[in-house]
Every structure is written in C-alpha cells, then in structure tokens.
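The following pair of complexes shares a single chain, chain A, combined with chain B in the former and chain C in the latter.
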Partner chain A sequence: MVAILLLALFWWALTNVFGVPEYIFPSLSSVAAALWEALLSGRLLDDTRISIIRLLLGAVVGIVSGIALGFLVGLSRTARIAVEPLINAFSGIAGIAWIPLALAWFGTGLAMSTFVIWNGMFFVVFANTILGVSRVPPTYAQAIFTLGGDRREVLRSVILPGALPDILTGVRVGLAFAWRSLIAAELMGSPMGLGQWVNEAATYQRTDRILAGCLTIAVLGVLLEALMVSWIARRTVVRWGTVAVAEERKAR
Partner chain B sequence: MIQLNERKPILQAINLRHEYEARGQKIVALQDVNLTINAGDFVTVVGPSGCGKSTLAKIFAGLGTPTSGEALYAGKPIKGASSERGMVFQELAVLPWRTVVGNIGHGLEIAGMPKAEREQRVAELVRLIGLEGFEKKYPSELSGGMRQRVAVARTWATRPPVILMDEPFAAVDAITRLTLQEELIRLARTTKQTVVFITHSVEEAVFLGDYIVAMSSRPGRVLEIVPVPDMGINRTWEQMIRDPRIEAIVSRVFELVRGRAVAPSTERQHA
Partner chain C sequence: MHRSSSLMHLPAWVVQTSSIFGLFLVWTVASRFVAEPAILPSPAASFQAMADLIARGTLTSAVQESLITLVIGCAICIICVVPFALSIAQSRQLAMILQPMVRFISCVPAIALIPLFIVWFGFSTKAVYATLFYTSAIPLLFSVITGVQKIPRVYADGLRPLGAGPFRIVRDVYLPGAMPGIEVGIRLALSYGWRAVIAGELIIGSSGLGRVLAQARAANQVDQIVAVMIAIAVLFLIIDRLILFPWNQLISSRWSSF
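For the complex of A and B:
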C-alpha cells in the first residue's frame, strides 16, 4: 500500500514539479482522463473482456498440461528420460519468437493467443510441478501403502496435495508470463485486446493511453493472481501449514 | 510371560540378508537374521544405529525386499505393503493436509467403511488418545506428542493383525515419551495387538517388550532374544526402575548391544 502511494507521489512530482513534458511522461491526471474516456466509450471494457477470455483460455491449457506432464515426468523415470530433454530444449526459446509462426499457423484468432500463452506458461508450471512431486516425503506414501492404499490413493491423497505449494508457485509465476505473452501477441497482430489498444495508442503517440493500458494490465494481473492463486493458497497450503506466510515468519 | 497367547507364528524371517550400496561400497545391513514372532507378542527390537533394525521393519511391512532369504507373514512370503501390516514411522508421517479425524479415519476410508460407522470409530479413537477438542485441527497445529498419537491411532484404526513401529517416539520429548509408552502398552495389552517395536533405547525396549531382540551393527545380526518378566498392563516407569530383575535385564541388553557381552555372543563373533 505504502509502495503504491510513494510511486504515485513520485509520478506526480515528475510531471508537476520537475516539469517532464506530457508527450514523454503524461501526468497522473491525463492518464486518469484517458482511462475515463476509454471506459465511457466502452472500448476499455471490450478490450479487457477479449484479453481476459484469451488469457483464461491460454492459462487453463497451460496449467492443465503443465501439471499433467509434470506429474508424469515427476513420477516415471521412463517419461523423464523420454520427454525431459526435449522440453528443456524448447523452454529456452523466447515465447515472442513463436508469434510470427503462430500467426501463420493459427491466424489471428483464439487459437493463436492460446498457443502463445500456453507457450509462455507451460514450462514454468511443468518445472515447478516436477519439483513439487519430488519434494513430497517418501514416508507419507509408504504410510498410505501400509494403510492399504494403492498407487491411485497415494497420488490423490499424498502427491497432489504434497506438490501443491510448488504447483501454486509455478502458476503464480506462469500467470505473469501468460500476461506478457498475451500482450506481445496482441501487439503483434491480434485484433482488439489491451495489447492492441496500447499498440494503437503508440501509433498516434498517445502516451497517456499507453500508460492507461499498462495500468489496466497491472491491475488485472493482480486481481487474477489473487483469484486464481492466493485464494486457493489461503484455503489449502497456508491453512495446512505446508507453506509459511510472511507474517507468520516474522512472528517467529 | 506370553503363555496366554496362542503360540502361532505370524511373522517369520528366514536367513534374511539385506545389502545396499552407498558411495560405491557394499554395506550388509542384515545378515543371517532368523526370527519368529507369534500372534499377540509385543516384541521390541533394539540395537545401535546402523544395525538394520529399520530395514527389518520395512521388509516385514513389505516396503523393502531382502537381498536373499525370506520374510513370511502368516506362513506366506511377503510381497508388497498391505493393510494387514500397519506401520508407524519415526518421522511424522501423518498427512499435513488432513485434520486429526481425517488422518485417523484414512485407513478406514481406504477400506471402504461407511461414513457413519467410520465417524463413530474415529471418535472412539480420538477419546482414547485424549485429543477431544482437536478433531478439526491440522497436524501443524499440534505438538509433536499429539501428532505421534494421531499416527499411532491412524494405524490402530483398521486393527491390522500386525503393527510395526519404527522408533515412533524418537522425535518426542523425553517426558511425553514416558506417557506415550505407558499408554501404548496399555492399549496393546488390552487389545492383544501384535506389535513389533523398533528402538535404539534399551530402557524403552525393556519397558515395552514381552521379549527383546538384541541386534549387533554392521552387519546387523540377532545376538540374543531376551525374555522380560510380565509387569502387567498398568506398568509404570516408577515401578519398573525399582525392580531388580528389570535392572539385570537392562544391563544384560546393554552389554549385548554394545558388543561387550561375555557369553555366548563372544563365541558367535569369532565364529
């Protein structure tokens, strides 16, 4: 909270005290005006809606495939030997490099953005899921076996909740990558969306609109993270005590 | 001592040998282990760390396979873990994401016991281990002693024919441990439960066991089986430490596990 206020104060000082010109760094009030104007015209809502649909679709595909493959590789030696080198090789390629190809393969529709977001998100969810699976203490599983549980029971009641702290970390980091990928995809050729809004603003040198777009993206990113990660974490890993939250750590 | 029990073998080790490799070196954890445990026995296995006693428990549980020799349960070779042989671990192996009742009822859930019956059985166990009021707590909200009570209750809940306990109280503070030991012996004796209890503490082994399996380290071998006079189900530590017979057994077992016994293990060592 304090950090946000300080940043706003700094921004205000930059334009109102030091006199940085509007076309280089627009003032707080002109960005607010640009936001208000976009809100009234309905453009902001339309662009936000399409961006969020794209993001959610890509994120769901990225999360589900990352967790599923992470489990497979984390639990099976054969799978690890077969697919891990390949996945590692691909994870090094910047997501943005795929966009021109993705445009050629999928056009400018939802399939393109889904692919680009998936590509931005998958690797980090995948790697963190493997880490999470490997960190579940083996005695937990052994104890369930001696209670009569089978492999399915161990997967369901031991590995999945045990790997959850790392999976959530993967999703949290992955969501940030997903936003970047989405905006890049929209900048480079999707019709509509917040990235395209920023792109158009850049064409007309409307720095106030560029910043308004960036602010919207930041706020949406925080909201989505709170809904998809923090909300789940509070009801699971934090409640179980398998991750320590910052306040608790301070208390100790 | 154990004359009340039917002398029916439930667990057997026949010429067990277990080897493993560590840093390129072959280590013999168990060698020539022969042991018969009868139904209803409370057996304690004691030895210094590295004597393979945990390995022995894991083999009986079906969580490990011997290099050679055989481990039998009810006369049949042990293949894999099963609900017939429950195990309590030294590390706190209750699931952090399940509440007290969720953990205790887990085995019953796996066995497919109907919910109403399960809840009743779990409530009984919660009362037995004195955790009323903590039913909905997660393990991270409990003390070490409470957690280990939950671990014992979870294994006890399904009434497995055999319960293996691998140093279950090692991580609990010394005073709580005394209480847990007294509670355990009462529970085991009233339910005539077969228990194989692994420990590195000679006093604990003597206090709990009907008889003690004393083991040597590297390679882990059975040195001697030492019987203990029956002290009754309400035995207390105060009563045990005053008994001269117990004192004699404690010093005998100490000699054995420290490799200072004169006869007959000296001969065996040189054999």
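For the complex of A and C:
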C-alpha cells in the first residue's frame, strides 16, 4: 500500500516537478481523466467484458485439457520421458509467436483468441501437472491399494491432492501467460478488447489512454489471479496443509 | 502393463527421438488430411520454405539481428540491474520499500507497454530494446536481491571488523555469495528476453525474426510462418541448453563454497 502511494508520488513528481512533457509521459491526473472518460462512454466496460470472456473461455479449455492430459501422461514414466522434448520444444515458442499462425488459421474471431490463450496456458499447466503427479510418493498410493482401494480412489484421494500444489502453480503461471497472450492477440488484430483499446490509443498517440489501458490490464491481471488461484488454494491445499503456511507468510 | 514395463528398458533418448518423430508423423498425416497448404503446410513444405528463406539470406540475417538484440539488450540489462540490485539489497529498508513498488510495476505486461514504447521511440529497434529491458530487468532484479538476502549476515559482519570497506564486502561477500541468484536471474532474463524480443519485433516490425514472421503473416505464407516458428523454438532450446547450462556448471563449480 505504502509502495503504491510512493509510486504515485514519484509519478506525480516526474510530470509536475521534473516537467516531463505530457505526450511522453502523461500525468497522473490526465490518465485518471482518460480512465474516467472511457468509463463514462462505456468503452472501458465493453472492452473489459470482451477481454475477460475471451480469457475465461481460453483458460477453461487450457486448464481442463492441461490437467487431464497431464494426469494421463504423469502416471506413466515412459510417457513422461516421451513428452519431455515436446514440452521443451513447444514452450520455446509458446504464446506470442503463435499469433500469426492463429490469425492465418482462425481469422480474428473468438476461435483465434481461445487458441492463443489455450496455447499460452496449456504447456505450463500440462508440465506442472506431470511434475505434481510424478512427485506424489508411491508409498501413499500403495497404502490405499493395500487397504483395498481401487485405482479411482487412489487418483481421487492421493494423486489429486498430492499434485494440486504443483497444478495450482501451473495454473497461476499459465494465467499470467494467457493474459499476456490475449493482450498481444488483441493488439495484433482482434476487434475490441483491452489490447485493441491500447492499440487504438497508440495510433492516435494518446499516451494517457495507453497508460490507462495498461493500468486496467495490470489491475485485472492481479484480480484474476487472486480470484481464480489464491481463492482455490486457500480452500484446498492450504486448508489441507499440503502447502506450508510459508506461502501465506511470504504473501504478507 | 507388460508393454509399458518392457518399454521402460529403452533408453530415454530412444523414447524421446521417437516422440519427436511421432510429432512429425502426425503433422505429415494431418497436412495430407487437410490438403490445403495455405492452412497447414506439410513438414516438407515448411522446411523447403525455411531453406528458401535461408538461401535468400532473410532468415540468417533475421536470426543475427534478433540474437544481437537479445545479447546487447541483456548485457545492458545486466550492467544496469546487477549493481543496482546489489546496492539495494545492502539495506533491508530500501529493499522493503522498492520491492513491492517493482512488483506492482511488473503487473503491467510488457506487451501492453509496447504501444507506449512505439510512441516514445517510433517503429525502431530502440522500442524492441525497451521491451526487452522491461521484461528482463524485473526477474533479474528479484533473483539478485533474493540471492543477496540468502547470504548469512555473519560473513559481511565478520569482514567488517577486519577493516573491509563496502567495496571489499561487495567484492568478496555479496558478489560470490549472490552468484547463484545472479545466475538464475541471467537465465530468466535471457529466456524471458528472447520471447520479449520476438514479441517486440512482431508488433513493432523493426527487424529480426519477429519482422519476418509479421511479413509472412501479411503475405499469408503459412509455410514461412511455420518455418520461422521452428527457427524460434530451436534457437530457444540452443540458448537454454548449450549456452546457459554449461555456463551454469562452470560458475557453480568455480564458487562451490556456497
């Protein structure tokens, strides 16, 4: 909180005391004004809604496919070794470099943004699910088998809770990647959306609107992470004690 | 079950080569099935496009431009950020004030800032450098600060009564002690930086692989798009494996005391 205030003070000093011209770095008040204007015209809400719908759609597809395939692959050692080079190769190009191909394949519609977001998330979630599943000590699973549990029970009561911390890490990183890829996809062609708003601001050289857009994107990114990941984490892994409270302490 | 246990005896590289081979097989079959090179070119067509781009010199010069941008940009970043981080980490209060500020700034994705960089620097390589710097500086800063904070205070406190000045302490305690953190930071800076360079070039269109990608997209040459993507992935793996890994080994063994 103090840090944000200091940052705002620094920003204010940059424009008002050191006299950095408005068109290079707009002052705090003009960015606020741009934000207010966009809010009143309804443009901001429309763009935000569209971006969030796109993100959620892509994220659901990415998370579900990543976790499901990660479980399938993570349970077998051979499959784990086999997919390793593929994950490496694809994580090298994941995200933004796919956008031109996605534009060629899907045009600028919802399919394109979903593909780009899926692509930004999938490999991180997939790799982390594999890691999590493979890190569960086999003795736990064997204990359930000995007690007469079947494969489904082992999956549900051992592997899933054991792998969940890693899966959540994957989802957290993946969401950050996805948000970035979505903004890039919107910058490069999707109609509407926050990225497109920033892009249009750039064509008119409206730095105040660019920064207002950047701030909105940043705040939404933090909120999404808090809502989607930290909330689930608090309800599951932290409550189960799978993750030490160290993470909580670090957050504070 | 039996099959998987017999597969287990295969060495890892056999399994891994065959999975890469499998990927190309699936790709070939899929491109046959789609039968539309404007949507999914076959691997052969993509490599042909790559060979053409290399023969014309487009790809080689683009790779050169992108790599030079990455190396110079990361060097600037390291030269600016590492001393800054080392000096911040000296004082706990300063680190406590600055860290959340930087963390807040880092919430703004670099991609969203590219339009601002374009307004500042025009459609030039400078804007790519700005994107790279912004992306790489933050993980580097945090890694170095963490690296310094992991050094037991006793070492610095032990040197001070022996008459060591701040310069001596930085050279003999903080720099070697924070080396693992600096290493991690540089590794992150290079791998995030590579993506930032590609993204920046793609959107700004000034030079390098990103521009080739943007041009191929504008001309709707999907085989060229795929060719450039393969080049990007291969270069990323080369940067990650061949350069950073041995270098890591070298540095950790040199200062193995930590």
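We adopt the following convention: the second predicted complex is superposed on the first by the 236 of 252 C-alpha atoms of A that agree within 3 Å, B and C clash if a C-alpha of one lies under 4 Å from a C-alpha of the other, contacts with A are read in each partner's own complex, and residues count from 1 in each chain.
The rule is simple: a contact is a pair of C-beta atoms (placed from the backbone, for glycine too) under 8 Å apart; a residue touches a chain by one contact, two chains touch by 3 or more.
From a predicted model like this one, the values you see are computed outputs, not experimental measurements.
Trainee: Tell me the contact category for A:V158 with respect to chain B and chain C: first, second, both or neither.
Mentor: Touch partner of A:V158: chain B, not chain C.
Trainee: Now for A:G42: first (chain B), second (chain C), both, or neither, which partner does it touch?
Mentor: A:G42: touches no partner chain.
Trainee: Report the partner of chain A that touches more of its residues: chain B or chain C.
Mentor: It is C that touches the greater number of chain A residues.
Trainee: Per the contact definition in the header, classify A:P191: touching chain B only (first), chain C only (second), both, or neither.
Mentor: neither
Trainee: Look at A:I144 in the shared chain and tell me whether it touches chain B only, chain C only, both, or neither; answer first, second, both or neither.
Mentor: The first partner, chain B, only.
Trainee: In their shared complex, at which residues does chain B touch chain A?
Mentor: 61-63, 80-83, 85-87, 89, 91, 93-98, 106-107, 110-111, 138-141, 151, 154-155, 158, 164
Trainee: Taking the touch rule as given, give the residues of chain A at its contact with chain C in the complex, in rising order.
Mentor: Contacts found on chain A: 2-4, 6-7, 23-24, 76-78, 81-86, 88-90, 92-93, 95-101, 103-105, 179-180, 183-184, 187-188, 194-195, 198-199, 201-202, 205, 207, 210-211, 213-215, 217-219, 221-222.
Trainee: In the complex of these two chains, what residues of chain C are touching chain A?
Mentor: Residues in contact with chain A: 4, 7-8, 10, 12, 15-16, 18-20, 23, 38-39, 97, 99-101, 103-105, 107-116, 118-120, 195, 198-199, 202-203, 213-214, 216-217, 220, 222, 225-226, 228-229, 232-237, 240.
Trainee: Any idea which chain A residues touch chain B in the complex?
Mentor: That would be residues 137, 139-140, 142-149, 153, 157-158, 161-162, 164, 236, 239-242 of chain A.
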